[in-house]
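Can you read through this structure? Questions will come right after.
As written, the chain order gives the labels A, B, C and D, with residue 1 at the start of each chain.
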Amino acid sequence: MSVQQYRPPLKYAMVGGGSGSFIGAVHRKAAALDGRAELVAGALSSTPERSLASAREIGLDESRSYASWEELIERESARPEGERPDFVSIVTPNDTHYPVAKAALGAGLHVVCDKPFTHTVEQAAELRDLAAGKNLVCCVTYNYSGYPMVREASELVRTGALGPIRKVHVEYHQGWLATRLEETGMKQAAWRTDPKRAGLGGALGDIGTHAEQLMRFVTGLEIDTLCADCTSFVEGRALDDDASVLLRFAERDGVRAKGVMPVSQVCTGEGNPLTLRVYGERGGLRWKQETPETITLLSVDSDPRTLSRGNDTLSDRAQRATRLPGGHPEGFIEAFANIYLGAIEAIELAKAGRPVPPASLAAEIPQAQDGLEGVRFVERCVSSDGAWVSLDA
Amino acid sequence: MSVQQYRPPLKYAMVGGGSGSFIGAVHRKAAALDGRAELVAGALSSTPERSLASAREIGLDESRSYASWEELIERESARPEGERPDFVSIVTPNDTHYPVAKAALGAGLHVVCDKPFTHTVEQAAELRDLAAGKNLVCCVTYNYSGYPMVREASELVRTGALGPIRKVHVEYHQGWLATRLEETGMKQAAWRTDPKRAGLGGALGDIGTHAEQLMRFVTGLEIDTLCADCTSFVEGRALDDDASVLLRFAERDGVRAKGVMPVSQVCTGEGNPLTLRVYGERGGLRWKQETPETITLLSVDSDPRTLSRGNDTLSDRAQRATRLPGGHPEGFIEAFANIYLGAIEAIELAKAGRPVPPASLAAEIPQAQDGLEGVRFVERCVSSDGAWVSLDA
Amino acid sequence: MSVQQYRPPLKYAMVGGGSGSFIGAVHRKAAALDGRAELVAGALSSTPERSLASAREIGLDESRSYASWEELIERESARPEGERPDFVSIVTPNDTHYPVAKAALGAGLHVVCDKPFTHTVEQAAELRDLAAGKNLVCCVTYNYSGYPMVREASELVRTGALGPIRKVHVEYHQGWLATRLEETGMKQAAWRTDPKRAGLGGALGDIGTHAEQLMRFVTGLEIDTLCADCTSFVEGRALDDDASVLLRFAERDGVRAKGVMPVSQVCTGEGNPLTLRVYGERGGLRWKQETPETITLLSVDSDPRTLSRGNDTLSDRAQRATRLPGGHPEGFIEAFANIYLGAIEAIELAKAGRPVPPASLAAEIPQAQDGLEGVRFVERCVSSDGAWVSLDA
Amino acid sequence: MSVQQYRPPLKYAMVGGGSGSFIGAVHRKAAALDGRAELVAGALSSTPERSLASAREIGLDESRSYASWEELIERESARPEGERPDFVSIVTPNDTHYPVAKAALGAGLHVVCDKPFTHTVEQAAELRDLAAGKNLVCCVTYNYSGYPMVREASELVRTGALGPIRKVHVEYHQGWLATRLEETGMKQAAWRTDPKRAGLGGALGDIGTHAEQLMRFVTGLEIDTLCADCTSFVEGRALDDDASVLLRFAERDGVRAKGVMPVSQVCTGEGNPLTLRVYGERGGLRWKQETPETITLLSVDSDPRTLSRGNDTLSDRAQRATRLPGGHPEGFIEAFANIYLGAIEAIELAKAGRPVPPASLAAEIPQAQDGLEGVRFVERCVSSDGAWVSLDA
């Protein structure tokens, strides 16, 4: 909650996020919360009419509302410095992430892209290399790592509070796809269950990638091999709606940790309980997205402690991600906004001629390499078919 | 989560809210979240230098940063329509609410004012009448009634889901003033414990008014008489830091309900657990600010149910106050933003020549009359001195 | 969980506790759990036929099943040493506690009596003095102080972990009497709402006495004055079914603590949540009967800790009251059994010619003086009628 | 809580359970709680001296305290009807379950045996057949299925409240063996980590068998194949202290359900959270051993409900297993006692010349076949070595 030097907001354009989009509105509110980004252009929907209608709905200047993302990038990137968007937010279904990001980066625009990043590892690598070659930010919005207490968890592991890690349990048990919602005309369900749009993974792509990144962000562990049992429980569904994954990690601190990762969208009646538990030789921790303000910290030799966001005993990393005192709940949008803040700070560095920070824990910005890890994770899970496979294929 | 017709943001000026202010930043973020209000001017601090420094910190146009609130109101209200602020947000310590609001309303500007509203009931009544006479909005930011699940609670009572109400328990148990924080240079503690700035009530004014309004908002009950036992536990403190209040309500539905309201800022180790429980002849409910996303609904003849924000079984009132699906936590800023949205909608009505909605439940906008109720509540508690007193004095 | 020297079980007789009695079965199971008491005689019901039927139901020797408590005491106390019951458990409705206890003590038998103890303070004092004069135990089964974590709470306060106590909040919010259950033929409701059987207090006597004793047991504070607002919400009910009590305590450690005690049996939908919160200058604690295995320990300068029964960091007092490792839930019967163990140990002392321990915290045995405090508390609450009254009348 | 016809207690002998045994005392208290079983003989420890000392400690008749279990069975089974024990409780480490049970059954005595049942499936089958051939009860104390709310969960699945089951998540995350406790002289740790005494499984045998039986008891699903990743994290440990198991169930109701079962004794800081979650097409449920009094019942189309023990809306199966009204916590010993009650009722049937109920859900008595399933489960997990194996080998 320290005083910050004012910097004028960056300008951004949005691709996707028209009427009825859940995540587009989240991106806009997250970007608006701290006054650090201003929406100046958009290709908000897949048809010119709907794009325009969506633009009117949110008050976007009609002259900067485009009928297609190709047009948006072509024309906006041609604007003079100072008018041109600094970055493009891509909030379309998964299948268009790659071409839009490629075009935006190609035009010299930074990118903030929803997850899962791309359909293939090769696409992700191409975008990563393209961004790196031009010193552009390509942030992938793994928003759950924006929670202050997730950053505290990461710091607890990093500083050895738990000792060498032995066991990680990360689960994501949604229930909203327990019925054939995709046949009711509900857009969110329709594209997520369509292989052409969603890619290789169903639940794995949509939420398994969050679980994978959360685990990696907090523990820093690298998956060595995995064994995944994927299922489509709802009749007629082409993609997995449930997956149970066993993980074996590369050795660290002399320990070869193991992990369990069940993800499901057919856990009937569940909301959005992404839950992480990490156990080391000296302690453990528990965090749950639906009550994101606290961590339970366990120890081999003392009573469990409840760490709360806003408490001044927390690490700098957690405190920097905090807007309100403890007891005044922060939530999903604030966490999302923290991802945006990270991207914005990196873009400002790049604009100042300095290198974009690497995709590492310290930078707190999930980037193309993180997006690639998620895509690779899904690919390997799907190809596992119940057998152990190496992450590196 | 319905589609809304776009309306351009209102313009507002802020009085108070400079560097180090907690609540000023909250107001700004709440106003920014939905893109419906734009800060255009400010008198952010009590000295010209600090006001300017604060303006720079948040990127406010320096030419519209004023050295005093008097200057701000004089010069901003003289601007032409279209440039002039629609409303003034007052986020100063309590003692200046009255003069600033009076001047702003006098100049024809709508007002959004922090609570407790004024130092005296007479001041509150004057502001109420002034606003009414000019068809101006004078919103008091009782932010906790902005939570969707608080609105659901209100609707559950209103529609009779609990039956006639018998017992209300509302408590607000903070711990942050358990030590003499006011002597450490901490501004927040200093003015809240200073009768000149805070007014008659310490904990009563700061958080008792929240508890009173929450109770009234949800139950609609009117206090008939009350008995308050106020204490200053921390040595040298002039105002109460703890109060225990018994309530007897006016008859409704044939029942004379009763209430218990403990408020304290010396419950060592507690954060911000404003908690409400309401029991009627057929059911009960529990809500807690620190986990604001759910209500537990109790019934005389069935199992407890957990109602969650985002669930489509909730009332329209709750759903209108919702931005995200269930399981994606909303928090304090979102609730605060709902108060702003209510005020903004009322201001738009007034600008369109229609009457400002009355201060009633249906309007969802806490206004000057609600502010007055809070001030009266504090006055009567302080004068009770352990005896039963009528609310009407 | 230390090894104990075996001692043969004491023998006891039971008055009350026949078919359909809830509490009689609890007493018998609590006494049986540790193998330290053996039921040898009974006058289990109010008519000879039902007494005999109840005796058969539980396998009591029919020759020692009596038609009346008078007969039981007369004939059992005349048996030779070694056959004679060591103590009498009194589990009748409140109105007969006094005559039965008086007769039992008069006959030289120790007494274990349910609460509330008697109808009047004078009766309680008489029993106390009678027991003291004969060095007999007269234990009153305030079972909630038998929970290990309640003893830990008491020890935390006693050893100063919280600092001088400022505020106590103890509440007991049941809902089972929210309707006129007494007219449905349900015995438990019928006698509790009948002044002739229950005494002066309804909810106050039945559960307010538990709240009062829990508060006193944990904090050791003495009530100086109180202000009680008692209500009979359910039509036609002669006794209170709801009471809200403000407490002012005698000075201790330089602080005059205050308390709030709402008790109710019309909190529709609530189960049995007796809940205690204590706040001192340096810390606070929370305990709830429905989840009795943990205490949350709050501190002015560190994170909340969760203390759990079975943990070896707990005090000896808590550990002595523990039978199982942590994580293996103990409950109501175990707590009740701890009260029995305390009484049995005191009776063994008396049988060995040593003095019965005084009614003090250290002894962990609630005795006649504690029973008297409860009766006095009810009397003063009822006579308060909303005004402050001294506990000492 | 219905009135029951009195029946005199059965007599039993205990093998194992001497000084320092945790589980022996649990068995004795569980048997004592309801007054339906009386301990008459014992071979409590592995040496004559310690056996005698242990007998004295608990007040067992020294003439019926034996130096060895062989002697106990030989001499006690030779006693006349009416003196002879009805059954033998076996509470030794795992390695002696088989020979003791075989001898007891061979001598015509019923058996109550701790789990895991035997070292091999063949031993388990032999005991099962021996018991069946003589119409003797051979109960295996899978105590967690004694909880009323576990029985409610089973009934909810059985009656279709959740619809066809898709996914089961059962986890058992202890932390007590996170360090080399076995080298500190702690008996409990020493034998559980010693393959000679514990058998093939470490955590798998000690707690994995509980998880397997809980899952089977509640869902009735049969494992078709499994894939287990077993680890010994603590250096020098010969048996697994952690195992992650994926389950594929045989088809039922047209669905091939899947399951995830992580069990661990190195989840540092965890207590005893055996946790079950079951998801079907129409609903889900959650239960956790550390708070055993409630189930959360989820539904595809309504709000989550909290079902509580003692509520009269529960099934007969749950109510029959209940001793106290809701809100008066029952725990581990009561659940254990429910297993004993089941065994005792079955033994009474057998004594009356009627057949012992089969090992099925309706009977609520875990028997030799259930013990066998547990042993087979451990065997298959250990032999899986990360690959899918059939349960039937």
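The rule is simple: contacts are C-beta pairs under 8 Å (C-beta built on N, C-alpha and C of every residue); 3 or more make two chains touch, one makes a residue touch a chain.
All of these numbers come straight from a predicted model, not from anything done at the bench.
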Using the contact definition stated above, find the chains touching both subunit A and subunit C.
-> B, D
Answer with same or different: of all residue numbers used at the interface between subunit C and subunit D, are over half used by both copies?
-> same
Round to the nearest whole Å and give the separation of the Cα centres of subunit A and subunit D.
-> 44
Centre-of-Cα separation between subunit B and subunit A, whole angstrom = 35
Per-residue multi-chain contacts in subunit A, two or more chains = 304, 308
Provide the residue numbers of subunit B that touch subunit D in the complex, in ascending order.
-> 296-297, 302-308, 311, 313
What part of subunit A is in contact with subunit D in the complex they form?
-> 162-163, 166-167, 169, 171, 173, 175, 178-179, 227, 229, 231, 233, 242, 244, 246, 248, 255, 258-260, 262, 264, 266-270, 277, 279-284, 298-300, 304, 386-388
Flag every residue of subunit D that touches subunit C in the complex, lowest number first.
-> 3-8, 19-20, 22, 25-26, 28-29, 32-35, 56-59, 174, 271-273, 289-293, 308, 310, 323-334
